[in-house]
Amino acid sequence: MFGPSGSGKSTLLRLIAGLLPQHSGVCQLHGRELRGMPPHRRRVVLVEQSPALFPNLNVEENITFARRSVFGRRDVEERRATDALLEDFQLGPLRGAAVHTLSGGERQRVAIARALYAEPKALLLDEVFTGMDAALRESLIAVLRRYQQRTGVPILSVTHDVGEAFATATELLRMRDGAVVAQGPPEQVLQAERSELLRSLAATQDVA
Amino acid sequence: MFGPSGSGKSTLLRLIAGLLPQHSGVCQLHGRELRGMPPHRRRVVLVEQSPALFPNLNVEENITFARRSVFGRRDVEERRATDALLEDFQLGPLRGAAVHTLSGGERQRVAIARALYAEPKALLLDEVFTGMDAALRESLIAVLRRYQQRTGVPILSVTHDVGEAFATATELLRMRDGAVVAQGPPEQVLQAERSELLRSLAATQDVA
Amino acid sequence: MFDTEALGLTLKLASITTVLLLLLALPLCYVIVFARSRGGVLLEALVALPLVLPPTLLGYYLLVGLGPLTAVGRTLTHLLGHTLAFSFPGLVVGSMLYSLPFAVQPLAAGLRSVDPRFLDAAATLGTSPLASFLRVALPLARPSLLTSAVLTFAHTVGEFGVVLMLGGNIPGQTRTLSIVLYDLAESGDFAAANRIAITLLVLSTAALAVLYLRPDRRAS
Amino acid sequence: MFDTEALGLTLKLASITTVLLLLLALPLCYVIVFARSRGGVLLEALVALPLVLPPTLLGYYLLVGLGPLTAVGRTLTHLLGHTLAFSFPGLVVGSMLYSLPFAVQPLAAGLRSVDPRFLDAAATLGTSPLASFLRVALPLARPSLLTSAVLTFAHTVGEFGVVLMLGGNIPGQTRTLSIVLYDLAESGDFAAANRIAITLLVLSTAALAVLYLRPDRRAS
Amino acid sequence: ALKAESKAGPSEVTVFAAADMEPVLQVLSPYFERRTGIKLKISFGSSATLSQQIVDGAPADIFLSADFTFAERVVAAGKADSTNPTPYARGILVLWERKDGPFQPLSLDVLSRKDLKSVAIANPDHAPYGRAALSAIKKLDVYPNLAPHLVQAESVGQAAQFALSGNAQLALMSQTIAMSGKYKEAGTFVLVPPVTYLEIRQCAVVIQNAKHRSEAHTLLNYLTSDPIQQHLPELGLRPVQ
């Protein structure tokens, strides 16, 4: 999904996650209607633009937050899942680090790992790759692609990088002024995009 | 300035701004030694990766924060400066908005405007263009370029977009593992970059 | 002679009251802060009421209201085998009522200032509101929980009106330090009052030092 | 007859004490929370001391310490023309000492939980620590400031021990509601006690409603 | 009186009075005010509390103690305007129980019963009526039986309240209180034999630096005047002589 700043992308994601009240429209996941369902029942995990990591927990505790009960102990399998995530997201050496010491990119990786650990039915990513260098981004996208192939969980990702969108998405959404103005396979949406740009240029010239 | 995630870019900026204690090295601005000077005397403004806007103030109050005293009234000139900034950063309609309602890109724009309003002697930008679409980014870079030409204030900007760095900077810094590993005019640094990459590729092949 | 019995009794009363009140304050704060209903507002106002009632009034109402003249009082007296007045459990009840707002208010204020983004994050991760309260809000509001505990304890140690009205000055049961000090002051025994004051100061300076010099006090 | 004189006196005492204490608590909290020195820790412990001293002890020491037996007391007596004890100014001094921790602690806890990122941002924008305290930390800690004010006011309204020791029971000067209620209880005048209780409840319910039903209470 | 009036506005006198005097002054003060134009501002408490406060500088004009000792304490501190406290009445100790209490009809024998749960007395260190009560209990040989059940109140007024509210089964209190409205309605009392306690000789002192010293003397003279002394038995006190 992409669109200009302030066009409502984050708002739409928060709505899907259940963090904002839905006043109209339908919102379905795997055929289940989500409207009116409280956020913690939806199993839709949202990774926000600047993710809210729990400041009282270290990196590992943040990642494993979702599946620990108040007094929970963890079994071997969960420990293995944690190790795999720490490695996938290149967070191994930071395992025990306090989250306020993390760099911006590190925080985002912890947040994505935390989301995957929660075994969501859908994953929403809000500009999570923006603060990363090209190499890191590629490797994370590969991790997510593998995850998606293994679990079949749909991923909706917001980005400003049209190239990235084109390269990674199976379907593109374009938003403007709070509405989805285009939706479909990447080629098609970008095609529409281009012709619209031409149209608006033409309009400007008419005026001039 | 650029470099991989976690290489110490933000840390260096916080150090320059005086938010972290400096244990060794020199830090000078216009010939003034900054070491030991408290942050509020440095007149070095840092716009952080996810900027801390004051949640109790609206957009305009955030922008004008620096030059208002506790009970301050504003004069006509300051009002004009505010209006200009609001327009430059396309924040006009959001003037009175509560900051918790802003989108990610809007927050970053408010933070940059707030920094300019403080009339800094140096401006530090930490990945502020990452969450913006291409059109918005271009227009903001143009605003900053104009500002720099008018005032001569040095701007140190962190980015992951090598293309952007190359296009906008007069001098490039590359960081890795907490140290500046290259510095100089863009062409030179990128040249060094490329040859290093080749060297490391060669090393890998040697091992294989 | 120094009245160690009264000191022990006072500390026992303050400890029991603090523990019980914090256990009560947690669910109350959950409803007050997290339930966005009118009920929460009503409850908060109700919990705040003992604030404005002088301890002598509370003590008087407990004396009369839980005394043998009312049905409630008779039932209680029957269950306990004695009147609530002039007994340690009676002081606990009185202290809890008296200190309730001091346990609830700082904690509620602390919970209220927890950034809702953390609660949102927990919710999308599948954490129920109750679990979010326990695992996210409460740990983040820890300084306020501590303030609640300290103020409650202190408020109970310093309690005088309720004890005077309800206690009956029975050594080992209801004769707390504040009463002992009152008696000493009335009989003009400055030396004995001094001994108590010094003991309290030493004890409390030690306790406060432990509390305030803990290394992890200020999140950086 | 309802003792409006005592009600007025009590409200006056609580208001004056609250205003003075908040004015005092602000600089104290600044030093305690923002100065990262040992001095701050010491000051915090010092401010907390009245917490653990029963009001009867505080009252007694003020009575003796500010009485004609000490140099300070003699000077004061000379300046005022009367002893500080058994006068309204004396009650204000006693109440301030007694309620000091209740003004300082919630505010300090609130200031402590202000996210340091906001203070960092203010600092790089050229705001001095003092201005950051006034313009950033304090507005963000507003709920805690409110808690401080409410608890201080309430603690003073509910004050009994200090008033009894230091104030005596002089109508119109030191006879506060808590003392009136004590007297009423002694004379078994349940009806009069009821009238006072109802007045207090109505007044305070109104005050609390104003406080708790303000629309902007919960930042969303 | 006239002189004081011109100095300090409407004429009034601050009275510190022992708790047993509360019902008495409640009855007498309207008469006194009507007759002399002097308003009474009264602070009640245990005799010890009040005397200590006066020693500490409380602005009382006159102190009506419930005994001689606490009045003497004020004299000893140099706060009285004469060296001799003035006796104004003699107190009577009674045992009181609510009419719906378990020991009706009331007699002194209840004090030796094994099923007694609580008896309220005033603090013997602070209140003359408390001292008298403790002495009586000992003289009546019921102390071992009562000791575990004694509840101490700050003053005789509070001891009475403990029994009135039903929390204490019995109270040893002043006859002044036992004969006053509420207590007369709700309970019955029996006299404690005067031989079991030292005479409760209630004495008054006028404070030396009092603002309203002459009004204080007016009150004292009024209390010791023959007509009032003759009325004392109706109020639960015996006349001085």
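All chains are identified by letter, namely A, B, C, D and E, in their written order; residue positions are counted from 1 within each chain.
Going forward, a contact is a pair of C-beta atoms (placed from the backbone, for glycine too) under 8 Å apart; a residue touches a chain by one contact, two chains touch by 3 or more.
Just so it is clear, the model here is predicted, and its values are computed rather than measured.
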Requested in this report: List every chain that touches both chain B and chain D.
Outcome: none
Query raised in the report: Which integer distance in Å separates the CA centroid of chain B from that of chain E?
Result: 82
Query raised in the report: Just curious, how far off is chain C from chain B if you go by their C-alpha centres, in Å?
Result: 50
Report task. Return the distance between the CA-based centres of chain A and chain B, expressed in whole Å. Result -> 25
Report summary line: Where chain D touches two or more other chains at once, the residues are 63-64, 115, 185, 219-220
Query raised in the report: Among the residues of chain E, which ones contact at least 2 other chains?
Result: 161, 165
Query raised in the report: Of all the residues in chain A, which ones touch at least 2 other chains?
Result: none
Report summary line: Listed by label, touching pairs are A-B, A-C, B-D, C-D, C-E, D-E
Query raised in the report: In the complex of these two chains, what residues of chain C are touching chain D?
Result: 36, 41, 44-45, 48-49, 51-57, 59-61, 63-64, 98, 101-102, 105-106, 109-110, 112-113, 115-116, 141, 143-144, 146-147, 150-151, 154-155, 157-161, 164-165, 176-179, 181-182, 184-185, 190, 193, 196-197, 200-201, 203-205, 207-209, 212-213, 218-220
Query raised in the report: Which residues of chain D touch chain B in the complex?
Result: 115, 117-118, 120-129, 131-132, 134-136, 139-140, 142, 219-220
Query raised in the report: Hey, which residues of chain C end up touching chain E in the complex?
Result: 63-64, 67-69, 73, 82-83, 85-86, 164, 168-170, 182-183, 185-188
**Report entry** Complex contact set, residues of chain A against chain B
**Finding:** 2-6, 8-11, 49-50, 103-106, 109, 126-127, 130-136, 160, 162
Query raised in the report: For chain E, which residues are in contact with chain D within the complex?
Result: 14, 16, 19, 22-23, 41, 43-45, 53, 56-59, 155, 157-158, 160-161, 164-165, 182-183
